[in-house]
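Shared chain: subunit A. Partners: subunit B in the first complex, subunit C in the second.
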Partner chain A sequence: MNNDILSTLQYYFTYPFVRYALIVGLLIALCSSLLGVTLVLKRFSFIGDGLSHVAFGAMAVAAVAGITEKMYIIMPVTVGSAILLLRTGQNTKIKGDAAVAMISVGALAIGYMLMNLFPSSSNISADVCSTLFGSTSILTLKKSDVIVCIIFSIIVILAFLLFYNKIFAVTFDETFSKATGIKTDGYNLLIAIITALIIVLAMNLVGSLLISALIIFPALSAMRLFKSFRSVIICSAIISVWCAGVGIIVSILASTPVGSTIVLADIIMFLIFWVISLFTGRAKA
Partner chain B sequence: MKRFGTLLLASALLLTGCGTDIPVTQQESSSAETTTEPDFMAALANDGYDIDLTTLGSNMMYGQVFDMMNDPDKYMDKTVRVTGNFNYYQDPAGKQYFAVFIPDAAACCAQGMEFVLADTSAVYPDDYPEDGELITVTGNFSYYTEYTLNYCQLLDAQIIPTVPRKEDTTNEN
Partner chain C sequence: MNEQIICKNVALGYEDGIVTEGLNFTVSKGDYLCILGENGSGKSTLIKALLGLRPQLSGDITWGSSSRKIGYLPQQTPVQRDFPASVREIVQSGCLSKTGFRPFYNKEEKERAIRCMKRLNIEDLAGRCYRELSGGQQQRVLLARALCATEEMLLLDEPVTGLDPRAQADLYELIAKLNKEGITIIMVSHDVAALSYASHILHIAKKQLFFGKKDDYLNSRTGKAFLETEASENE
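So, the complex of A and B:
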């Protein structure tokens, strides 16, 4: 039985697109987990959902306009929305969660409306389903997609490592950080841009609707057991990469939807960590 | 807690191991396509067919058919066997298209591959299956271009007794 699974896996790994899927999947999982802790702590857990819907709307606009390289539209629109939400979220009349919800459903509705009014293909439901749930788009990546993902991932990881201390400070106490001379606006802008980058990359992996799971679950699982910022981030990264790897492999072997399988692995891991936290006495009331 | 930390570390090392293996294979495939491509093509061959898609699960089949659409020259003139749902379409000009549809695991997306039967006297609907019926088609891979888009098709095709897809046989077991 085990040999069968291993030989099937070995056989499947001779396919370039399977190797591409795993490389991209693990990189996206790693990047999203790094930022996930910050977003959860800043009470912006749902920003992934909001921005992914914005990206969906932008993609619909690009499709209607007949733009082949949709990324030229999706990336700037998503980055712009991320900046609006994260940077000015504290100082506007419409506060964080309401702003996220408003942009989220608004972009989703506009995107779906545009796709219906000006269909770019004969199968709208498939296009929408594929974008919202990821479907198997991770298995249809080209080498150029993988290279783009590697470059963006390196940028995200480097930015996170270089500005780790500042991100830590801005995450926990923005007012105090500002008082000590840290340019909090600039770092919030950096977090916003990195968030948007990850969202756009992750749309290929799990689809628009499931991106939040990649950001939230690993961070929350790690927080069940670890308390320091660094240990939570390291644990979150390990959990996220592990779940993405397991999810992709299981979905290929069992022919299940890739995005849902990864999220299911994240949920199971969260439950395991929660149970362990009950025994180790680290669970919060 | 230390034990748990060790467990996490072990998991990380295990994944790091996977992580280093994959780029090496990736590197091989990019630096010397000939090293990986024959293995990849050889893996697809089965039962006398150059590309036997019936041995793949739905996700793999979907990904493989996408690759065939995306880079059709690589597969030109290869003999193909595929199982999927029969689909018929007639354009406004009256031209008929026959295709086998391969759905993904979520069943919301499908890749279609046209086929042209070797038997030129075959008439629709008498000599064709019901729309949506599970069929197995064999033929020689080819493609044509219309309005800058490539369309893949199986030429000299035959509809043979249905060979169950991999997940169909798995579910039965």
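So, the complex of A and C:
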């Protein structure tokens, strides 16, 4: 039985697209979990959701306009929206969560409308479905996509490591940081840009509806048990990478959709951590 | 050169109006200034101005020493109460402005954090999780962080809010001890108990009602009126 699974896996891993999917999947899981802790603590859990819908809308526009390299449209639009959402969060008339919700559903509606009005292929619902749930696109990655993903992941990870202490300070107490001369606006901008990068990358993996899961579940699981910021980040990264790996392999073996399988793994992990926290008494209502 | 802050005819507010005006006061080294005022009197706007987060509408705020060096103890936000961070991580973050572009803390900054924790008797909490501490302990942690930022002047925003009477008294004692060690204290409060430690009082409403030594304040009309209303509220 075990040998069967191993040999099936071995067989699949002879295909480059399976290896690409695994590399990309693990990298995206790592990046999203790093930022996830900050976003959850800053009460921006839903920004992933909002931005991914913006990315979906941008992709529809790019498809309608017949642009082949859709990244050129998706990336700047998503980064722009992220900056708008994260920076103006405190002072605008429309409060943070409402602004996210508004942009999120707005972009979703416009994107779907455009795809219907100007269909680029005969099977619209399959197109929409794969963008929303990322069902197939991760298995159709080209080598160039993988390289782009690796480069962006390195940028995200490096930025996070270099500014780790500042990101901590800005997350914990923005006013204090600002008063002691930290350029908080700059770091919020950095967080916004990195978030947007991760979301555009993650669209291929889990699709735009499920990205929030990659961002929030590992962070929430880690926060159940761990007591310092550093351990929460490390634990959340490990959970996220582990779940992505398991999810991808299970989805290959059981022919389930990649995105939902990864998210399911994250949910199970969260439940496990939650139960453990009940016993160790660290859970707070 | 003992003055650390000199405010001359300062008006504060937002684009759509003045919140408080006519502020004239000086803070000298070693002072313990208590800023009193009702809600909406412009206390928090004054804090923002002193921290350099919001420029004044008119008037001058001059800093005696070379640069603005002020440690800040903010009011707690809901985000912080369930924040997963160790005490050490939080206290160290007070040193952050000294690191510049260096990504990590150096030895000197780590030792400074330990020194600040010792000074506030919380070094045994260093590995503990912030959200599991009592309110009084949390305030000490934030105070240690402020000390990491500077040892010249501390600005405390309603530091005893939400603490039980015992923890309030402890915190006041601790602040008084820091003041005796030479740290200038500016405390915003509407608590009468805060007065007993203060050396100077600044009472503001829409405009400045009083600035001067505490004893003068207690004998002034503003001071007597304030104490009477506070006393009647506490009954």
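Convention: the second predicted complex is superposed on the first by the 285 of 285 C-alpha atoms of A that agree within 3 Å, B and C clash if a C-alpha of one lies under 4 Å from a C-alpha of the other, contacts with A are read in each partner's own complex, and residues count from 1 in each chain.
Note that in this section contacts are C-beta pairs under 8 Å (C-beta built on N, C-alpha and C of every residue); 3 or more make two chains touch, one makes a residue touch a chain.
Keep in mind that this is a model prediction, so the values were computed, not measured.
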Assess the superposed three-chain arrangement around subunit A: do subunit B and subunit C clash, or do they fit?
fit
Just to be sure I read the superposition right, which of the two partners does A:43 touch: subunit B = first, subunit C = second, or both, or neither?
second
Thinking of the overlay built on chain A, is A:11 touched by subunit B (first), by subunit C (second), by both, or by neither?
first
Does subunit B (first) or subunit C (second) touch A:143, or do both, or does neither?
first
On subunit A, which partner touches more residues: subunit B or subunit C?
B
After superposition on the shared chain, which partner residues are touched by A:280: those of subunit B (first), subunit C (second), both, or neither?
first
With the two complexes superposed on chain A, say which partner A:250 touches: subunit B (first), subunit C (second), both, or neither.
neither
For the superposed three-chain arrangement, angle subunit B-subunit A-subunit C (C-alpha centres, nearest 10 degrees) equals 170
Can A:19 be said to touch subunit B (first), subunit C (second), both, or neither?
first
A:155 in the overlay: touching subunit B, subunit C, both, or neither? Say first, second, both or neither.
neither
Figure out whether A:84 sits in contact with subunit B (first) or subunit C (second), or with both, or with neither.
neither
Note down the smallest distance between any C-alpha of subunit B and any C-alpha of subunit C in the overlay, whole angstrom.
14
The answer for subunit C against subunit A in the complex is residues 51-53, 70-72, 74, 77, 79-80, 82-86, 88-90, 92-94, 96-97, 99, 103-105, 127-129, 131-132, 142, 145-146, 149
In their shared complex, at which residues does subunit A touch subunit C?
41-43, 161-166, 168-169, 172-173, 175-182, 222-223, 226-230, 232, 282, 284
Under the stated contact criterion, what part of subunit A meets subunit B in this complex?
11-23, 26, 123, 125-126, 129-130, 133, 135-136, 139-140, 142-143, 146, 225, 235, 238, 241-242, 245, 251-258, 260, 276, 280
In the complex, subunit B residues that touch subunit A
1, 4, 8, 11-12, 15, 18-19, 22-23, 25-26, 29-30, 36, 39-40, 43, 57-60, 62-64, 66-67, 70, 104-106, 108-110, 166-167, 170
